[in-house]
Every structure is written in structure tokens, then in C-alpha cells.
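Encoded as C-alpha cells, here's the structure I'll be asking about.
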Amino acid sequence: MVLFFLRLVASLAHIALVFALAPLLLGLVTKLRARLLGRRGPPLLQPYRNLRRLLHKTTLVPDTATDLYPIWPFVSFTAIAVAAMLVPGFCLGLLTSDLSDFITLVGLLALARGAAMLAGLESGFGFGGAAAAREALFSVFAEAALLVVLVSFVLIAHSPTVDGIAAAFRTGHIGISVSLGFALAAMLAVALTETGRIPTDNPSGHLELAMVHEAMLLEYSGRFLLLFEYAAMLRLMVWMCLIGTVFFPFGMARAGEILSWPGGLVLWAGKLGVMAVALSLFEIGTAKMRVFRVPEFLGVAMLLGVLAGVFLFVAARIGA
Amino acid sequence: MNLVYPLAHLMGGVILLCAFSMLSQRRLAAMITLYQVQALTLSAAAFWQGFAQGAGDLYLTGLITLAIKGILLPMGMRQIVQRFNMVRAVETTMPVGLSMILGVGLIGIAVLVVLPTTVSAVSLTREDLAISLSVVLLGLLVMTLRRHAIAQVIGFLSTENGLVLAATGMPGMPFVAELSVALLVLLAFLVIGVFLFRIREHFDTLDLVGIEEIERRGR
Amino acid sequence: MHLRLDALSVLFLCILLPQIVASALAERRGPVTFWVFAAAMVLTLLAGDAFTLIFGFELMSAASWLLVLRGDARPATLYAGIAMFSAACLIPAVFLPASSLAFMLVLLGAGAKAGLAPLHSWLPRAHPAPPAGVSALMSGGMVKVSLYILIRYGFIEFGAAAQPWWGSVLIVAGAASVLIGALRAMLEVELKTMLACSTVEHVGLIAVGLGIALRAKAMGNLDLASLALQGALLCAVAHGLFKPMLFLGAGAVKNATGTTSLDWLGGLMRGMPRLGMLMLVGAAGMAALPLGPGFAPEFLLLHAVIRAAGTGGILARIGFTALLAGLGLSAALALGAVVRLIGIGFLGRPRSLHAAAAEDAKRGTLAGMGLLAVLCVPVALLPGVVLGMLEPVIALLAPNSAPAPLSYAPLSLGILFALTAGAAVLGLRRFAVRGTREVAAWTGGFGSPPAWLPFGDPLTQPSATGFAEPVRRAIARGLLAPKGVDPAEAYLLLPLSKVSLRLTRVAEHIRRSTMRQRLAFVFGALVMFLLALGLGEGG
Amino acid sequence: MNLCLPAVFLPLLAAPAMGVFGTRAQGAVANLVLNVIVFGFTIAVFFGPGSGLIHADGLGMIFGVLTSFVSLMTALSNLSFVWGGNEVLSLRRWRVYHAMCQVVLGSTLLGLYADNIGLLWVAVEGATIAATLGVSLPRTASALEAAWKYFILGGVGIALALFGTMLVYLAAQPALGPGLPAMSFAALTEHASKLDGSLLTLAFVFLLFGYGTKAALVPLHGWLPDAYAEGPIPLTTALSTLMLNVALIAILRYRHLMQANFAGGGGALQPGVFLLTLGLASLLLTAFSLSRRRDARRFFGFSSVEHSGIAVFAFGIGGAAAIFGGLLHMLVHTLVKSALFQALMRGAALRGSAAPGNYGFSHLRGMVHSNKYTGWLLGACVFALTGLPPSGLFASEFIIISQTIQRDPYVSLPLGLGLVLCAVAIIRNIGPLVFGHAPPHTKHQKAGIGINLVGLQLVLAFMVAFAMPWFLLHSLSSVAAALQ
């Protein structure tokens, strides 16, 4: 009973934190990037301001849009939000841990992606369609790479859920294995694509022809745009949590024991910070690549995933 | 000594010889003559067999053969050859030498097939069978090698002679006369057919190329 | 000619009946052939002996061939050829004792009829030909009947002699179909052709599941077998629901606009909203999105593949990992195809006056689709229950195996969804500015359209072809034959047709032979026989 | 009492009279009347099979009834053919035509009922000559050409058959003594094992070639397509059904002799391999010859080659079940083919004239637009030839294939290939022929009442295959068992 109560509290805390900190994380990345480029950059809290501004803007609906126009933002946002609830953040053993099956997660991301693509096609407008087509192309490889990575996780952890994988990995005796390194690389590539960062997409770009994620939302404004923006922030958060939880599960709190929470929280914040720094460093280090280079980029990721599986097999043979 | 079988074989040999030398002949007239000789020998053979086996209907067969094949058909064919002035040489589709080699091969096959088969059969019919089979095959060979309808008809006729020879050789086979009559009906239709083709102006020559032309027009 | 009913046939009857009802509703008392077709499928499922099975199967082929012929004569011959090929494979197979040869024949026969690669290329041509109801039944039902035969013989009749490599063959064929099907579904412009391609994909998915199950069963790993079977059978159920729905919808679109080419549609959501909603349900299933009917099977299959990757040697590991990649690839491609279907066809601006003037589908069609949509709900939200119903079938196919409970709980996910969405709506109600203002859409910098195009210039919005272009450039070049032709056609059908053409020429030559040549045939054959005889007896 | 005699000799004796007297209408009527009577006799034969030179065994009875039934149907459709003014023939030729119909019927029955190998040969020869005359009747260039071909090739076949017949006698003569017994099927079968096996084998080769020519087995089929296409169409029906059956049955009987001799250790070879070779050759060559035909009658002529090939193949497989399958195949194919040719005739009549040369697919296409019922029936007939259910041929082919698998699995591959190819080649014509665009100026017309005959025969074919009356089943299977 107490245990359940604690888990409930932990889950609620997790949800609240994730939803609250997502804009901050984005702001942090942007800030760091600007700083590393030698600019002052927007204040940390700028994302919150944007959201508030959008709240107060009238929502304009293009006359060519169909009745489904308002649906897509909600679908996209909800899918990402649920994903954010499933991926453990600072502590394991949340109420949602049983739901957090890796494949379900992939499905949720796909759902959000689909909604965004349809939103791009909604008003029959050229750039949105082009962006949706590119997104479709990217997603093909991203999803494949993600699933391939999953093999080695499940085979190591004997559990398909993110929670279970993390739990298995944090009991350190797996140690550092080559395959996990490959898996990490693959996962990072996918994460960069999914969250629309450089080198596959430029979040701060303003040239319609070059944009992917932003271009799909060009026709949206006001509260619908807010949903999309918020979803994008949440997506960044989800991916960082995912990578942090799976690859650096050390020091994560247990929902059952309240005393471990503070440590978990601190470490979680630390991880997010480190990852934000890493991300911004990477982004200033590389340039955006041409659209048709991206499949190769992700194809490499997929290959790494396969290699991870193979090396895992070899390692098992050697170990045995 | 008993003369029955030696004579039978002698006649059989003559018939085979005729059939074989048909292959070598280039001219229709000569082929017709050969055929006539063959038919006459056949009727003689029939008479002889009838005498030897004491079977009455073989005499009938011999009579029919003599009358129709030995006399009427050759005359008719000579008529055709004369009227359609085809006395000129027949062009064969294959050099004579080669066709004769084929003929020898056919005789060899006939012997090869028949001799081992009839160990248990009456030993004498064995050679008869071999001979008549070779006559049949040679006739067919003539049919396939010659272009002129007349030549083909002659080939067919000699095949049929081979059949009758075999029939006469069969000890005590019933219906021999009937069968040979039935065959004759066939032959009659054959020759009539030739006349038909000639009388009706569908093919300006009996050369079957005419038929093949129509065949080429497709469908 | 006697009948039998066991769990397997009951399951497939349950898959079949709703489609028949729905198609009948849509076609409103279709032609006699239609009913013969339906009856033949039922007969095949009920068959208790080989003769009845083959009879029903062939009758099904014949009736469907006639229906295809009436629809469009061009693919009919190819279809007939495939049907007879499968017959020629099946009839011997059912008489051979259980052996690898027999199973291969069954696989060829049933696989050809089910559209398994490399014998699938007839399917995207033949299925779109007849009227929508028939296409629906062919795509949702006939394919299943073929798979039923495959299952019946692979697992039950020949079950004793099963070898692991049977499963591997099945998996490879399935994987190929999945990839090619999904890819072509993404590239095709014709609505019905695209749906047919996606049928190939789903058949491939089912085949992969069955193959894993067969392999695992032969290797004695019964739990994996039951997991894979769950996936395959559930996939069959789900596909049997949403694919006919989509085909019926495509038929309605054809009725309303006179075309099924996505390049001439667009904005149908305005003209036919109810149809559009039903299509959304089906599309969610086809794209295997969470909370849709298609996700649970995909989920199970992926888990089965991952589990299978842990069994066997290095080859199995590499193979199954690659297979997983392929499945992921095709899942995303299917999503792209669905987005293309809905986004190009039903959203955006009309691309032709017909599309602009489209009116909603007839009541019969909507009723039929509605029926299927309602049946989708339990598969989508309560897959656990459906799997519970599948228990006896799995017990029949993989005896004394204990299927693991499903670890995907759409119901609680759905609750989370509802909560979040509700929160979002309420939050926006509370804090955001209410109401919306309709404004002219941004033309994207293009000039204003001419007067005779009230809905704007179609050329200024993405076309279906254009939408598929990136995928074509990045993937199709590698996987398909040159010029985007299906590899099965380029490397299998074309050479075969060339060979037959050559032989036909030979036959014609023989037929045209002159009379002397014909005599020569007779004579030569006779001499041959005699020679053989003489040598045979002499030696 | 022996009811075979009237059944055989009535038409044969009536033929000369019909050749001399009567207008064409009277001839047609007389034809019909005679057929009705003969049909009655053939049924009555069941109660008076008789004995001696001409008597009916089980096979003879069944196929005798089939023969007279088909020729009755032909005679019925003959009426409309004659009155329709389809064929422009002089009165003399009409008379010859009717006489020939009778001769073909009579000699076919003779061939079925004859218990004497010589008589069988005579019957086949008579039928051949009659058919040749019939084919040459239209007197067109192509008809004469066809007749000439038919005559030469058929003549060669007959000569070979006679030689084989004499060899059989020679093989039997030591065992059975000189005279009639050595030529009677009954006696031969009785003492099959005592015959001289090696002679018998030689004889079988000649008989196979002789009667195989009549059965139009590849490579002996050269006469068939033209003969089918150029003669008056009712005759074509007779050719493609009745005479084919006689030849096939003759082959079957001799095959049985040889098989029995082989089984009895008489030293004969197994007949199977010869039959299989010719059967497969027919099947495979047909498969590729079918695809380019533009004339419907040639097309279906080739399909007859295919089906006699299948029957011979079944005989080659051997065993009671396979023989049963082969016989069933012959029965059903006979009915379907005669139905088909009558449907074709009606269709061509709807398109103007049923004279030869009006049977191009381009001329007949889109039959439903001329008459819905005729079109569908035509389609059904053609479809029935493919051997897909619900066609009756499905049952027989199913039996044959299953037997092949069990007895000789390897030849089942070419068999299956040939069947599939033929079926595809046939089925692809249905679409254009039935539903295609009709040639210009095609009006929808009424089909005569006679079109129902086609339906009747189709239904019969279906019944024979799937709902076979028990007595037929019983006698057919006993025949098959006796001849295995």
C-alpha cells in the first residue's frame, strides 16, 4: 500500500518535472549553443515566454484546411506526452514502468510523427508537403535503426521495457561492452534525427526549403502551434531521458525508497546538463547535411545496431 | 525337297528388291514399272501361298492383286503421267545415294526388330515378316522422300504390297481377302483423289508445294 | 466430399464472415459469381478431405478469375496462370506423404495464391481489377484462405516431419514480401493498387510470424512458437478487418470521383467526411499505430523476432537482426504510405473538379465499413481478450505450449491518452485565447490561381508522386529493378515469358510444316520407336 | 439376341440410299430419325449384348450409348445447320454429306462393338474414308487440301494399324491356333499370357502408331487441325469426339493385352512408357501450339489433341483407378466438346453463317453482345475445357494426377506443367470471346430453342463427373478393373 502510494507520488513527480523542465532544457541547449558560438543568446527562460505568447495569440485557420485541422496538434502532443510519462527520469519503478515497452515507445513516436506529417499536408501547401515527404524518408531509417538497437538491449537485459533495461544495466555487472558502445552511437544518431537537430535539421533555420520539422508546422498558429512547440520540447526531453536512463542508469533512485530520491534527482539534472552540453558542442562542431545524405547517416546507424547485436553474440561466446 | 518356303522367300526377295530399287529411281515411269513388277510378284506369291496352305481365299487375293494392282493401277498411273506430261525426271529431296543408305538402314532395323522377336513363332514366317516389314518401311521412306504426288502414291502402294505380303505369309489368317479388298478401296480413293486434284484447277501441278503454299498463308 | 470444423477453420471463418457481410452490403447483392466466390472460400475452410479442399480452392480461383475478368481483362490471364500454378503445386502436395518436398509444394502453391514473394507480382495487378466489394474480399479473405491451407498443412498435416529450415524459407519469403510490399505501397499512385501492395506486406508479416513459429516448433522452443503464432494469427484477424474496409472506401472514392489516382484526388474530407473518418480508422490499422487495430500484431511479431534472434547460431543472429531492421523499415514505410493516402487523398486542396464535387458514399458502403470499424475496436483496445479466444487454435497448432500474456496494454495507454488530451484541452480552454479566425492560406509564394480553378492550382501542392520521390530516390533504386519495376516481374516473369515465346515459335514452326515433313515426323517417330525396341530387345 | 447388329448395320445400310435419294431437308430428317432409332438400339444393347464377332462388352455398351447420343445431338443441331443455309452445297453433295454422317456413326459403333481385331481395323478405315469425303465436301481449296492431308496421313496410319493387327494374329496364332479365335479380343485377353510377348510388343508399336494417328497424338496429329477447321462443323464434332474415342479405346484394349501378357510373364514390355511418351508429347506441344490460333475450330482441334493425350497418358499410368480416370476423361470430354462445337456453330450462325472460315476469334468475339445466353454457354463450354471446377474434367484430371503421384511421381511434373499451360492458353481466350467488344454492326438476336441442347450436354458432363449414377459408376469401374 505504502509502496504503491510512493510509486504514485514518484510518478506524479516525474511527470510534473518532465513537463515543467522540458522548455528549460531547450532553453539551456540554445543558450549554450549561442555562448559557444560567442553570442549572448536568448535568456534561459525564453521558451516559456514563447509558449505564453502563443497562448495569447489568436489562432488563424487557413481556409483550405479540412475539419481535421485541429486534431493533429492534439494527437502529436498527446503521443509525445504519453511517451514522456513512460520513460523513467530520475527514478525507476514508476507506475507506468510496465507500460514502458520499448516498442510501444517507438509506436508512440511514430504516431506523433504521423500526426505532424498530416499536419504538414493539411492545407495542401507546398513546403509542408515537401517537409512531410522528407520526414517520411528519415523516419524509415530512424525507426529501423532504433529497432535494431533494441535487439542487443533485450538480449542483455532480458526485458523489453525501458524500465527493465535500465534496472538490468544499473546493476553494473554487465560492465562496458563494445556492443553497447555501438548501440549508443546508433541511438544518438536516431535521437538527433528525431529531435530535428543538426546535422539532419536545423531548429533555428528559417529557410522553408531547408527545414523539416518547422516546415510542417508553417500553417499553424496560436494555441495549435503552442501544442506543437511544446511537443518538440518534450521530445527533446524524452530522448535525453531515454539515453540517460538506458546508458547511464547509475545512481537512479528507486520509487519505493523515498530517501534515494534526492540523489536521483540531482544526478538526473546532472545528466541532462551534461547531455545538453554535449549536444550543443556537437551541433556547433558539425554542419547540416544535404537531405539525401541523411539516409546514409542513418544507414550507418542501422549498421552499427546490427554490429552491436553481432558483437554481443561474439562476446557471449567468448564469455561462455 | 519341299519347294514351298524357298519359293516364297524368293518372291519376297524380289518384292523387297523392287521396293528398294524404287528409292534409286529418278523417273516416274520406271517407278511405275517397278511397282508393276512388285505387284505381279506379289500376286504370284499369293497364289503360291494359297496353293501351299491350301487356302482358297488366298487365290482370291492373288486374283485381285493381279487384276487391279498388277494391271489397272499401273495403266491408270501411266495415263496420268502421259496426260500431265510428267515423263521428265522426278527431283528427289535427297541425293539418291543417301536415300539408299537410309533404305539399307531401314532394312537393318526391320531385321533387328523382327528376328529376335519371333524365336517362338513359326520360323519360316520370320523371314517373311522381316521382308514385309522392310517393304513397308521402304514404301514409307519413298513417300517421305518424294515430292510428286504420283511418287508418293507409288510409295504408299508399295507399302500396301508389303502389308499384303505379310498377310499372305500369315499361316491360316482369316479375312485376308477382305482386308486386301478394304485396302484396295483405300488405294482407289487415293488415285481418285489424285485425279480430283488434277481435274479441279486448284493446284496447277500435282507438286504438293502447291498445297504447302496455301498452308503457308497462315491461320 | 465431407466437411470438418476445428478451431483453425472456425477462426478463419470468423475472419471471413464479417468481410462477406460487409462486401455484400457494399455491393448490395452482387452478381452470382460473387456468391459462388464467397461460398467456395467457406467450402475450402470447411473441407474435411483433400478433394473437397482442392475443389473449393479451385472453385474460389475460378470464380475470382471471372470477377477479375469482368473488371479488367488485362491481368486476368496472369491471374489465371498463377491460380493454376498453385493448383498444380497443391494437388500433388496433398497426396504426398509428409516430407520436405510436400511442404515446399504446399508453400509454392498456397504462397503463390497468397501473394508471397517472389510470386506476388500478380496481386497488385489483379486485386484492384474487380469492383470494390470483390477486391475487399479477395484481399482480405482469399489471401487468408491460402494462408489457412499453408497453416493447416505446415503445422497439422505435415507437423510431424517439420524441419527448422522450412520455417527459415518461410521467413525469407515473408521478409521479401514485407519489404517489397511496403516499398511499392509507398510508391504506387493508384489507390487500390497501393492497398494491394500493402496486402502483400501484411501477408509477408503473417508469413514471418508463421515461419518463426514453424522454426521454433521444430527446434522445440514452444513458447516462442506460440508467441509468433499469436502475432501471425492476430495479424490475420486485424488485416482481415481493416483492409476490406480500406478497399470498400477506395471503391466509394472511385464512385464519387471516377478515379482512384491519388494525383487527381485531394480534399475529400470536405465532401465525404464520414467515409474519411472510417478511412482514418483503417489507415491507423494499416500503419500499425498504437491504439489502432494493427499495432498489437506488429508488437507481438517484433517481440517474436527479437526473441528468435537469441536462438540459433551467428547466422540466425545476423539474419534476425537484419529482419528486424527490415520490419522497422517497412513499418515506417507503411506509415508513410498511410500519410500519403490520407494526407494527399483526403486532406489539402482538391486536385480535380471531380474531387471537389465528391459526395459522401452510399449508405450500404458506409454500413459495411462501419461494421468492420466496430469490429476493429476490440482488436485495437482489448487484444488480450482476442488472444484469449485464439488459445484453442494455438493449442491446436503448437500443442502444450504456454503463450505468455501480452505486455502491451492499450487500455491503460488509452486512459493516459484521454487524460493528457483532456488536460491539454482544458488547459487551452482555461488559459488560451478562445476561437479561431479563418484566413486565406499562404500560397507559398505562388501567383494567384486562374479563375477556373476555384480551389487553387493543383500544381502548387505536393502530388502523390512527388511525396514518394525522396523514398524512390533513396530506397527504391536499391531494392527494385531498374525503372521501379517489381523485381519479381523483372527477374522472374519476364524471362519466363521470353522462354514460352521461344517455345511457341518452335511449336508454330512444327505446325506450319509441309505435308512431307509431317509424314517425316510420323515415319521418324516410328523408326525411333522400332530402333529403341530392337536395341532394347537385342541388348 | 444380339442387338448390336441392327445398331451397327442400320446406318451402314441406310447410307447408300441416303447418298442417292432425297432433298437436303429430307436427308436431315432421315438422319435424325435414324439417329433416334440407333440411340434406342444402343440403349437396348444393355439387355441384348449378344455374342460372337460383333457383341458389346461393358466398354462397348457405355461408349456406344455415348456415341449414339452425341451423334443424335449432332443430328438435331444438324437440322438448323442444314436449314440455316449455312453451307452452300449442291444437292449431290448434301446427299453425300448425310450418307457420310451415317457411315461415320455406323462404323464408329462397329469399331466399338467389334470383338475382332480385323473388324475393328475395317471399321476405323471406313470411318476414315467417310470422314475424308466429308471434309472435302465444301470443295474449297483449303478443304481439299485438308482432306488430302487427312487422307495421306490417315492412310499411312491405317496401313501401320493393319500391320500391327497382323502381328497380333501372328503372336496369337501359335497359342490359339489358326483361325478366328486368334483375332478375337475375348480369346486374346483370355490367353494373353500365352501370346508371344516380343511379337506382341512389336505389334503394339505399330498399333499405337496406327490408331494413334486417328487419336491425333503428337507427332501423328498433322492432319487434325485442318481437317477440323475445313469440314462442315457437325462432322467436326463427330471427328473430335466419336472417332477419337474409337481410336483411344482400341489403344486401351491392346494396351491391356500387352499389360496382361507382361504380367503373365509372356515376355512383352510394359506398354506404359510408349503411351506416356506420346501422351506427354501431345500435351506439351499443344500447350504451345494453342497460344497463337486465330481460328476457333483449329484452336479446339488442338485442345482435342491435348485431351486425347491426357487420356493416353492415363492409360500409360495404368492401374484400375487411372484407367477409370482416363475413361471418365473421355466421357466428359466427348460431351463437353460436342456441346462446345454446337455452341460455336450457333454463335457463328448468329454472326452470319456457320460455314467453315467464319470461326475466326476476331469474328466471334464478344458473343454476349449477340446473344447473352449463347455467349455465356459458349464461355461455359470453353471454361469446362480448362479442367477447373466446376468443370467435369476437374474430377477426371484430379484422379489422373493423384494416380500419377502415387505410381510414377516424376512424370507428374511435366503433366502438371502441360495441364497448366494448356489451361492458361485456353482460358485467356474466354475474355475476348465472350465479353470482348463485338465486331461492328452486331445486333442482339434471338438464339433458337436448340441452344438448350448445349446446356443439356454441359449439365450431363457435370453429372457424369460429380453425380455419376451408380450403375454407370459400377460398370465403368468394373471395366477399368478388367482392363487395368
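A, B, C and D label the chains in the order they appear, each numbered from 1.
Just so we're on the same page, a contact is a pair of C-beta atoms (placed from the backbone, for glycine too) under 8 Å apart; a residue touches a chain by one contact, two chains touch by 3 or more.
Not measured: the values here are computed from a predicted model.
Q: If you tally contacting C-beta pairs, which comes out ahead, C-D or A-C? Let me know.
A: A-C
Q: Taking each chain's centre as the mean of its CA atoms, how far is subunit A from subunit C in angstrom?
A: 33
Q: How big is the gap, in whole Å, between where the Cα atoms of subunit C centre and where those of subunit D centre?
A: Between these chains, centre-to-centre, one finds 45 Å.
Q: Averaging over Cα atoms per chain, report the distance between subunit A and subunit D in Å.
A: Spacing between the chain centres: roughly 78 Å.
Q: State, to the nearest whole Å, the distance from the C-alpha centre of subunit B to the C-alpha centre of subunit C.
A: Computed from C-alpha means, the inter-chain centre distance equals 69 Å.
Q: Send over the residues of subunit B in touch with two or more other chains.
A: Residues 113, 116-117, 140, 143, 211, 215 of subunit B each touch two or more of the other chains.
Q: Can you list every residue of subunit C that touches 2 or more other chains, as numbers and ranges?
A: Counting only residues that touch two or more other chains, subunit C contributes 515, 519, 526, 530, 533, 537.
Q: Write out all the pairs of touching chains, ordered by chain label.
A: Once each pair is checked, the touching ones are A-C, B-C, B-D, C-D.
Q: Going by the contact rule at the top, pick out the subunit D residues touching subunit C in the complex.
A: Within the complex, subunit D touches subunit C at residues 148-149, 152-153, 156-157, 160, 198, 201-202, 205, 208-209, 213, 219-220, 222-223, 225, 269, 274, 285, 288-289, 291-292, 383, 386, 388-390, 394, 398, 401-402, 405-406, 409, 412, 416-417, 419-421, 423-424, 427-428, 430-432, 435-436.
Q: Which subunit B residues qualify as touching subunit D in the complex?
A: Residues of subunit B touching subunit D: 113-114, 116-122, 125, 129, 132-133, 136, 140, 143, 152, 156, 159-160, 162-163, 166-167, 170-175, 178-179, 182-183, 185-186, 189-190, 193, 196-197, 200, 202, 211, 214-215, 219.
Q: Where on subunit C does subunit B make contact in their complex?
A: Residues 512, 514-516, 519-520, 523, 526-527, 530-531, 533-535, 537-538.
Q: For a test of understanding, state which residues of subunit C touch subunit A in their complex under the given definition.
A: Checking each residue of subunit C against subunit A gives 186, 266-267, 269-270, 273, 276, 287-291, 295, 298-299, 302-303, 306, 309-310, 314, 317-318, 320-322, 324-329, 331-333, 335-336, 338-340, 342-344, 346-349, 407-409, 412-413, 416-417, 420-421, 424-425, 428, 431-433, 435-444, 446, 455-456, 460-462, 466-471, 473-475.
Q: Which residues of subunit D touch subunit B in their complex?
A: Within the complex, subunit D touches subunit B at residues 118, 121-122, 125-126, 129, 132, 136, 139, 141-142, 144-145, 147-149, 151-152, 155-156, 158-160, 162-163, 166-167, 169-171, 173-174, 178-180, 183, 196, 198-199, 201-202, 229, 293-295, 298.
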